[in-house]
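In what follows, a structure is listed as structure tokens, so that the remarks can point back to it.
The first chain written gets the first letter, and so on, giving A, B and C; residue counts start at 1 in each chain.
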Amino acid sequence: MAAIPESQIKQTLGDSRLQLAIYSSTQRLMDHRAAAVAPERLPEYQDLRTRANALKRHTIENLDYYLEQFESNVVAHGGKVVYCRTGDEVADFVLGLAKERAARLIVKSKSMTTEEIHLNERLERHQLEAVETDLGEYILQLAHQRPYHIVAPALHMTRYDVADVFTENLGIAKEVVPENQTKIARATLREKFLQAHIGITGANFLVADSGAIVFVENEGNARLSHSAPKIHIAIAGIEKLIPRAQDLAVFLNLLARSATGQALSVYTSFVSGTRRAGEIDGPDEFYVVLLDNGRTKLLRDPEKRQSLYCIRCGACLNHCPVYRKIGGHNYPWVYSGPIGAIITPQFHGVAENGWLPFASSLCGACAEVCPVKIEIPRVLLKLRSEVTEARRAQGTGGWERLGFRAWAWLMTHPGAYLLFASLGSKFAGLMPKIGPLGKWASQREVPRLAPKSFHTLWEERKRR
Amino acid sequence: MARVSLFVTCIVDQIFPQVGIAMTDVLERLGFEIDFPPGQTCCGQPAFNSGYPEEARWVAGHFLDVFRDSEYIVVPSGSCTSMIAHHYEEIFEGDAKRLEEAQRMAPRVWEFSRFLLEVARVEDVGARFDGVVTYHDSCHALRELRIKDGPRRLLANVRGLELREMDMAEQCCGFGGTFSVKFPDISGAMARTKIESIRKTEAATVVSIDSSCLMQLQGAMQRAGLPIRTLHLAEVLASR
Amino acid sequence: MTARDQILADIRAGLGRAGSAKPAPLEAPLLRTPQKDRNLYVQLFVQNLEKLSGKVFVVPSPDQVVPILADLVRGKQAVASNAPFLRTCGIGGFEQVRSDLTDREALREGCAKADVGVTCVDYALAETGSFVMLSSPDEARLISLLPPVHVAVIPRSRILANLDELFATLPKPAEQTSAMALITGPSRTADIEQILIRGVHGPGEVVAIVVENC
């Protein structure tokens, strides 16, 4: 996973329309969230966060126990659990099932987990039509782009971009009114829902004591995806587990408020097993695919393990001053923003993603709004020291390390520090503005070292 | 008369010594005896934030030695105070002796405005500063030390001063230490957004309790041709 | 090694354990007890659903439901669920509304063609203006999902304070149903330029008829 080239970041920074789109969308989400968690509206907000963090910690530290409990409850309600180590195993399972059932059409609701494993591409290679049904994801699928934001995937597109995508892919006359664009998508996708053989959803939570999955949405496409077709496959990372159905009171009170400022999403679905005797509609077959794909790696470090608590609300993205400048496509993986910055190096290697933990001013706005209290800046700092260690092991980054060693030596030898500083104040102006100093200087008027340090002024003051 | 040790921080020592002078003036006027351990250099944050915890440990250890006997350590910086009071525990994990020293040190370290309000117990230092001022909440101070109202209360008691809030007071200025060196374009863009918010207040001065933020904002405003001054809270409070 | 065995083994290794272990006991679930007077629930429910652009009618008795429904379905095709309460309200015999759909294909067809879907609810939540619907022989899922208008007839006694009270009342929904849906207002999206648009896939119009003394 290479670093996003500087030129791409510069381009994003210079695109004023895109900057405005990112800025205003995230501002709106921030404002709505703030209103929804204000003390007048939700006095228990901080308690809920503390409790959510404790529940996630407990579950993650007993993940094997709760997985097994979840599995036996899914089976008890007529469903099946499929454990998958990798994205390939997920695709193999879906393809195998589709073949057995002679299924050709799949409807999918929004799931970052399936983006992570590029499921659609794998399915399409085998002539299966897998249609994204969330409006934003549908548009992106037609445009062959990846999501810009966890919650608002098409944040970067205008109605004119959408019009072009529809005209090119649906062969219709150009339509630029969003209400009409939505009607077009609704009509097209409705046909798909009613004809599909398989519905694939994600899951926000896996409930161990019930063998149930929970997913939230505002459009209704996830409900349709699991209610219309005869087969429902839910795909979720193993970290989505929570112990009890009653714990949903804590998580659901936090999730939608943190994401969009709604008290609850329009649709919250609690689904378990196949349709029961007497139920008129609903799937005849229910599968929960539990994906590892590297999550077990993140368990190993007790300090960074908390990265798995994430409930994918997107609040950290909205509040991050860096995300708000560079947007979702400048992150190397499908997960962007602060959460992306901490999990990407853990999944894909610290050496390959060395720049990412440093692309932060450590302002802490993310940690302040995280509903499950992940200490993102703390994890970033830990990752930074792992990056420098990895560079040492690789034999790179020698100059920087030497620089900090020299700096640390100076800072532990006050006499030398003061001498060096006084020389610096006389000669710093002559330093060529090359390399990193040059780039730093490009953005600002460089401050000068004071002619007399405080040390010196203090001495003078004492003598008076 | 209580004795107070100054930790001016490396940036104030070398770039903004007038902030140290201002802090000294204010504290002396309040009747404190000031001491300045001359062996002081830095808290170690630059190394820690750059992923060099070992080098940070050396420097932090030096800090603990220099200030070993100080009862009150007053610091004109939220980020340095937070480094010492909150992060030294992380740095010295595994070194029982230093860890214990750091834990004993933590409650003795005071960010300047908090020292005035909670130890000196004053909200009015008798300052005078004519003009419109806006206040920038530096990130570590705001989120790690929970400093928000304190400086504003102190500014409210400055004669002649009108405090006008900017709409993005809590947004990061984009400095982030090594962040501004490694990602200068993003850092610069963040600064420009912030100074636009400052400009809209029509204040003549922007005030903060962190000199690193002020340096970032000053650089960006000068580059943008904005004639807005940056002052540390101590400089405003020392003003007569 | 199966994927299952490998994943469980990797989890244990990651957590630094050789084998499985029973978790420490969990704190009792945090369920906020409702503060408000039950008598205010209807008012609160109305307020909160109206804030989401839902329409709410409050009637004193079951026989007052049909006149309202008649207006809502005039000139339109409607389907209704088999909920006993709907029969109590006389909706079963109401000619403009198709009920007693028990066959899956007929139900799907009926819902796909209908302009209005009429259901009862298992519960409603006052604090959020939500309907809680458990899939059952009496309540099929697609009726509240496919038609562009959803009308929910709500006996007042089923209104709870909030989500917490729902989970206190129903700690294990999986034992009752394969699908419990919390419906909070009309379907919506802001995916295109952050413009709010209703009725994307689910109903764009949501109507509640609350029946007092029931």
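Here is the rule we use: contacts are C-beta pairs under 8 Å (C-beta built on N, C-alpha and C of every residue); 3 or more make two chains touch, one makes a residue touch a chain.
A quick note: this is a predicted structure, and the numbers were derived from the prediction, not measured.
J.: Quick one: do these chains touch in a line, a ring, a star, all-to-all (complete), or other?
T.: Its topology is that of a line.
J.: Centre of all protein Cα atoms: which chain's centre is nearest to it?
T.: A
J.: Taking each chain's centre as its mean C-alpha position, how far apart are chain B and chain C in Å?
T.: Taking the average C-alpha coordinate of chain B and of chain C, the gap between them is 53 Å.
J.: Just give me the whole-number Å value for how far the CA centre of chain A lies from that of chain B.
T.: Roughly 33 Å separates the two chain centres.
J.: Taking each chain's centre as the mean position of its Cα atoms, how many Å separate chain A from chain C?
T.: 29
J.: Under the touch definition given earlier, write down the residues of chain C that touch chain A in their complex.
T.: Contact set of chain C toward chain A: 2-4, 6-8, 10-15, 20-24, 26-27, 29-32, 101-104, 107-108, 112, 127-128, 130, 135-137, 140-142, 145-146, 163-164, 167-168, 171-175, 177-195, 197, 199-203.
J.: Okay, in this complex, where on chain B does chain A touch?
T.: Where chain B meets chain A, its residues are 8, 10, 12-18, 20-21, 24, 36, 38-42, 44, 46-53, 55-56, 58-59, 61-62, 90, 139-140, 143-144, 170-172, 174-191, 193, 215-216, 218-220, 222-223.
J.: Which of the residues in chain A end up touching chain B in this complex?
T.: Of all residues in chain A, those touching chain B are 6, 9-10, 13, 321-322, 325-326, 355, 357-365, 367-368, 378, 381, 383-388, 400-401, 404-405, 407-412, 414, 417, 421, 424-425, 436-437, 439-440, 442-450, 452-458, 461.
J.: Show which residues of chain A lie in contact with chain C when the two form their complex.
T.: Going by the criterion above, the answer is residues 21, 24-25, 28, 44, 47-48, 51, 54-55, 58, 61-68, 73, 77-78, 83-85, 89, 133-136, 139, 152-155, 157-159, 162, 178-179, 181-182, 185-186, 189-190, 193-194, 207, 209-212, 218-221, 223-224, 226-228, 238, 243-250, 252-253, 262-276, 278-282, 286, 290, 292, 296-300.
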